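I have a structure I would like to understand better, so I am pasting it below and will then ask my questions one at a time.
Letters are used for the chains, namely A, B, C, D and E, taken in the order the chains are written, and counting of residues starts over at 1 for each.
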Amino acid sequence: MLSATVFEDGGGSKEITDHDRISDLVGEPACLLWVDVLDPSEDDLKLIQHEFSLHPLAMEDLRHPGQRPKVERYDTHAFIVAYASNGNPRHLSELNLFVADGWMVSVRHSYKGDGCVDVLNIGARFDRTREGHNTVGFLLYTLLDAVVDTYFDALDSTEDELEEIESRIFVVDGPNESSLQQDLLVLRRELLLFRRRVVPLRDVLQTILRQEVRPVREDVQRYFQDVLDHILRVIDTLETQRELLGNAVDAHLAVVNNHMNDIMKKMTSWGAILFGAALVTGIYGMNFEYMPELRWHYGYFVALGWMLLLTTGLYTWFKRKGWL
Amino acid sequence: MLSATVFEDGGGSKEITDHDRISDLVGEPACLLWVDVLDPSEDDLKLIQHEFSLHPLAMEDLRHPGQRPKVERYDTHAFIVAYASNGNPRHLSELNLFVADGWMVSVRHSYKGDGCVDVLNIGARFDRTREGHNTVGFLLYTLLDAVVDTYFDALDSTEDELEEIESRIFVVDGPNESSLQQDLLVLRRELLLFRRRVVPLRDVLQTILRQEVRPVREDVQRYFQDVLDHILRVIDTLETQRELLGNAVDAHLAVVNNHMNDIMKKMTSWGAILFGAALVTGIYGMNFEYMPELRWHYGYFVALGWMLLLTTGLYTWFKRKGWL
Amino acid sequence: MLSATVFEDGGGSKEITDHDRISDLVGEPACLLWVDVLDPSEDDLKLIQHEFSLHPLAMEDLRHPGQRPKVERYDTHAFIVAYASNGNPRHLSELNLFVADGWMVSVRHSYKGDGCVDVLNIGARFDRTREGHNTVGFLLYTLLDAVVDTYFDALDSTEDELEEIESRIFVVDGPNESSLQQDLLVLRRELLLFRRRVVPLRDVLQTILRQEVRPVREDVQRYFQDVLDHILRVIDTLETQRELLGNAVDAHLAVVNNHMNDIMKKMTSWGAILFGAALVTGIYGMNFEYMPELRWHYGYFVALGWMLLLTTGLYTWFKRKGWL
Amino acid sequence: MLSATVFEDGGGSKEITDHDRISDLVGEPACLLWVDVLDPSEDDLKLIQHEFSLHPLAMEDLRHPGQRPKVERYDTHAFIVAYASNGNPRHLSELNLFVADGWMVSVRHSYKGDGCVDVLNIGARFDRTREGHNTVGFLLYTLLDAVVDTYFDALDSTEDELEEIESRIFVVDGPNESSLQQDLLVLRRELLLFRRRVVPLRDVLQTILRQEVRPVREDVQRYFQDVLDHILRVIDTLETQRELLGNAVDAHLAVVNNHMNDIMKKMTSWGAILFGAALVTGIYGMNFEYMPELRWHYGYFVALGWMLLLTTGLYTWFKRKGWL
Amino acid sequence: MLSATVFEDGGGSKEITDHDRISDLVGEPACLLWVDVLDPSEDDLKLIQHEFSLHPLAMEDLRHPGQRPKVERYDTHAFIVAYASNGNPRHLSELNLFVADGWMVSVRHSYKGDGCVDVLNIGARFDRTREGHNTVGFLLYTLLDAVVDTYFDALDSTEDELEEIESRIFVVDGPNESSLQQDLLVLRRELLLFRRRVVPLRDVLQTILRQEVRPVREDVQRYFQDVLDHILRVIDTLETQRELLGNAVDAHLAVVNNHMNDIMKKMTSWGAILFGAALVTGIYGMNFEYMPELRWHYGYFVALGWMLLLTTGLYTWFKRKGWL
């Protein structure tokens, strides 16, 4: 699905529905053209390659999703790959951007029909704030800022999962045990894959800030500095969450080990208590001809009494020792 | 809550209660203006933005607390984010600073009503020591020095917690076990989050020392070198505490494992002792017609004697082996 | 097995079967010569050393396979070592390349008869795409691009193995247990050895991109940038797979520990249940003269009833506690 | 305790007992003055600050022991912090040095009355070797060389402790078990704290070798290179000891785990052996009216024989299996 | 033991037996002098110090073996420390080299009488290949190349040990268990100490390649590049072996833990089987007056039958469950 918008220098923007007019607008100095393609068909790709003379190597990347976030500079344009989240750290959709003087092309791959970044909203925001900055650099900033904002939503989600897991660490018993292990594994994997999509974006921003991406002029550098600062915060938070998760894993392992000690102490204690009683029954089960107690009238009840005494005595002793 | 103080070049300082006069003092060469805002209301923010022409991106950061410690340089002023502690490593309150030639604005977010840094005290100290250095650079140094001093208090607190934990590692038994695990986890998290607020401050100081923050002149560099040195000591101590805590965790795990071995040895020993006695009762509980011992008059007491002998013998043997 | 191909500037290529003609073609400005040797015999090595004046140190490397991926620059030519996979990360075959203005020599060691890279295919692809780039640089690009493509196949294979392992982590019981451990070890080793062959190739590409390898001209740098980008993706994926595998190992350890707890709980529960019943039989096995129950007509059945009751009671209790 | 020595250019040195004469000697070109203060009183500190115009920030550091090893350069002098050991890695005493053209001031904090470095000895050695180098640079070298030599003594001590621990790893049984854990923890802490005092000294030496410390001239650089080399050896050895200790910890954990397996095997084996015998007694303890064996004359002895056979048979079987 | 050889520019070499002639040959432009000292006596050290004016700091290093591999540059000569192996990674002998224009002095400390590098062989090889390179640089290359070759032999030895260990990981049972732990520890220590001697040599070579060691001229740089490449391969292989060993340790720990689970399952199963039979004997051992089964003629055999049935039934059930 291809849509094209023109932002005129004097203010005001309009949607271009007739795609043949795009070629006229490329190179037009008084306006800024943004072409956005969602889930491009082969025809869309051919159209934009032809209209904007995109480099074949970049086109090949477009056709093979799953690229690393990066920036590539070609003679007439730069090519940027980034990922946006729809608030869930597992749902990352690829975003390919071509920027040149006077135009930007964004090619988005949606995640289960969700394009993750709301281009209408970004266009409207750009329209509102572009005064004095009707350049592709400021448009790129507006877009990347929105992309990085989606990361904070994703971080909130992982933060919640982390807290939920931490609250379950010290509860060893119960049927949720193996699901805790699975949740830990899932969250670790989530943080790992998310981080892999965010960290290289730092290098992209640093390349822009070293002014190596020509269409981005010096007057908007400050804004990209702000985006970089947000990315650093995201990475910082991700690292912290990873370490906290690592701590949680360690703590849980220690808790499991301690729990085993507890079980063994219980087992030993009950074993001793029951065995004590059994020993009494064994003794009076012997078949000696002369065993005076056996002839006593209340011998049986005395034996039961002994067993009870032994049992409660051992029980109290183990209880006091903290084994039961 | 906004308060403004003017430090005159000749010496002496006065509180400005009429906030409309602030605008007159900005740009006044013969004096230094310090405006401090604690838990800013929206009106306060608008006032300072207007009076000092603060950059919109910095104002946005002010409105979203939780920034990373950093320094940002704008055309007319620099923006610094740092965190102060009130002696407890968990209580960190954000501190935002704007510095420019002739004025400094500090915006503080209090932690549960505690602004963490005592501005009155800092103002008084600056007044006392500013001779020949009535500049914003020296005022910033006085403030940051006080901030870093709060870290040493926090470190004393974590040091105490660490020692308390280390003293409990080798005591495995007892009801405090799972609380030890929780204390370990809490202290780890504390050190992690504290470190996250301190380490980036090193970069802030290094940026200042590279003389990239214009309002800070060369004549006070030496003082910032001293602050950096203190920060390095804080980071160094934090790292050491983390490693000591890691060692403690390892040692505790080993102690728990050894303890399990001890329990198992005890269990095995008692099992063998009791089972030995039970076997004797089993033997004399058999119903063979011809079992000579059964007819002996003292057979029963001999059997009891055997059981006692076996029991004490095994007990002594296990005791000597170190299993009991 | 030696084969030689000449790519003429005007287009068209031909196979050279008469190896004596090779010397005439070296230094011929209007054509590009590619000599490929698979599993070189000593004669082949002597021939190419003589015809192309290859450096003795490089020839020594040729004779001792197992070199690290690297690039060495000699006076008249450069020497590159790389590894290609045949889709299996364990099957890596060494590839030695000599490049100079006007010619390239590739010496391949096959893995169990598999040369891993399909030179015919690469030659055909070069022939198709070389327009305007009939240089050794573009030929080298075509070859390295094909080499790096083989890595993606190998990664798909390790990805499958990783997923297969992850699906088996939470199933502790069963006869596959120790084979899981072995599979984990094998995959770890595989990733380690694969990574060792890929990571140094990054440095090779970076050396080429710094334009330190003379025969590679500036006009094809962009293509090598693309190869480097692919290598970075391979390394990135390898790192991710390693971390995922590490997570899997941790999770499995925790699962095994938990499983042990479960077994111990089961053991303790059954022990208590059976021992309860045994205690009843012990009591009524005592030989006291006066034990009223023994004389009851239904005493036996009452005792059996007690045992049944005790057993099912304890069973239900442990079941509810989650120990069974 | 303050002592002052003057080294004259022509050779010969003399002790200055009249501290008022110190001020005359500062700035005297033909001689080198060394003032050493051990455990300074407030009067000593005031005296040296006044006589040598020491910087207030450095004086503040003097008053707060526990600084990181570092070098600070002030206008007229440099300030160096280092730590010396008295042969025990836990006994580190702080050493503060002021160096300027023509004089050096050393302020030492003793560890339990031990100043750690023997200044008399150092003075004598300097007197003996200073020919042609009667400069503060060479005096500083002589002192730092002596300091670093104390580290090697400390390393010998940790090496001994490490070897003693390694020899105890494979002995799991016995009463020393928990003391081994404690010794491991103590040694780890020792190495950690020692390393923390040595590693920053490397940076101090590198600063001197970059010729950024003015009073140290180029002609003695070679000697400081030698000191740096010694420090690198100390750090290298410390790292090796840490890794060896880490390996020892891992090995001990494995040994403990294996030991648990051994205990469990023993427990299981003895359980089976004793239970086998108990089952025989149980069978012949049954009260069936018709049990032919019970009437046999030697039935009892046959049963005992069976029990012995079963017991020794199982014992031999478990022994051969390696479980006993 | 001191031996001296002269390599004349025109070709040919001769042994110098009269050590007084050494002084004449130093500084002789038309020849290259190599003096080799094995296990130097104090006289040897004095002789070479005097003849070649060696620097006192270097001489001190010679007298204290155990230096780190390094290169030190003095005014007239350079001093290099390296280690050679005799094929066993534990047998490393120190090698000290002085190189200057026109001469090289090598001082070797033998390991148990083994000088590790075969100087006669190296001399002969140099004689054979020195054509056009009769310089100390090429002689140094020939020597270092031989030294690095000894590392590959050592790596083969550790490779064998590693494979031997890996083959024993999955065999938990048996008497070799604790020896496996010891072998793991020994190999880890071996790799650690070996690595410590090899890694700094990389820096030595890089210093030479930066042309900072004067006697080594540019024309032999290529050869030192080759030596560096070999060292990188050694380090790379060492790292790989360390990681493989780490994997093996992890895998073994998991195997031990799994084995414990297996033992516990066995223990639980046998406990249940035997206890089942015991319960039957307990029931028929009760003394109730009215127990119909006791009077049956075949009651006893029926009871034995029940026990057999129960036993085999439980056995089959546990077998099918994989616990036995």
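What we mean here is this: a contact is a pair of C-beta atoms (placed from the backbone, for glycine too) under 8 Å apart; a residue touches a chain by one contact, two chains touch by 3 or more.
Remember, it's a predicted structure, so these values are computed and weren't measured experimentally.
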item: Whole-Å separation of chain centres (CA-atom averages), chain B against chain C; value: 42
item: Chain centre separation in whole Å, for chain D relative to chain B (CA means); value: 26
item: Distance from the mean Cα position of chain E to that of chain D, given in whole angstrom; value: 26
item: Of all residues in chain E, the ones touching two or more other chains; value: 253, 257, 260, 264, 267, 271, 278, 282, 285-287, 291
item: Chain contact graph, described as a line, ring, star, complete graph or other shape; value: ring
item: Cyclic ordering of chains (reference chain A, direction chain B); value: A, B, D, E, C
item: For the chain E and chain C complex, residues of the former touching the latter; value: 169-170, 222-223, 225-226, 229, 232-233, 236, 240, 243-244, 247-248, 250-251, 253-255, 257-258, 260-261, 264-265, 267-268, 271-272, 275-276, 278-279, 282-283, 285-291, 321-322
item: Chain A-facing residues of chain B, complex; value: 55, 57, 67-68, 70, 72, 74, 172-175, 177-178, 181-182, 184-185, 188-189, 192-193, 196, 249, 252-253, 256-257, 259-260, 263-264, 266-267, 270-271, 274, 277-278, 281-282, 284-287, 291, 293-300, 303-304, 307
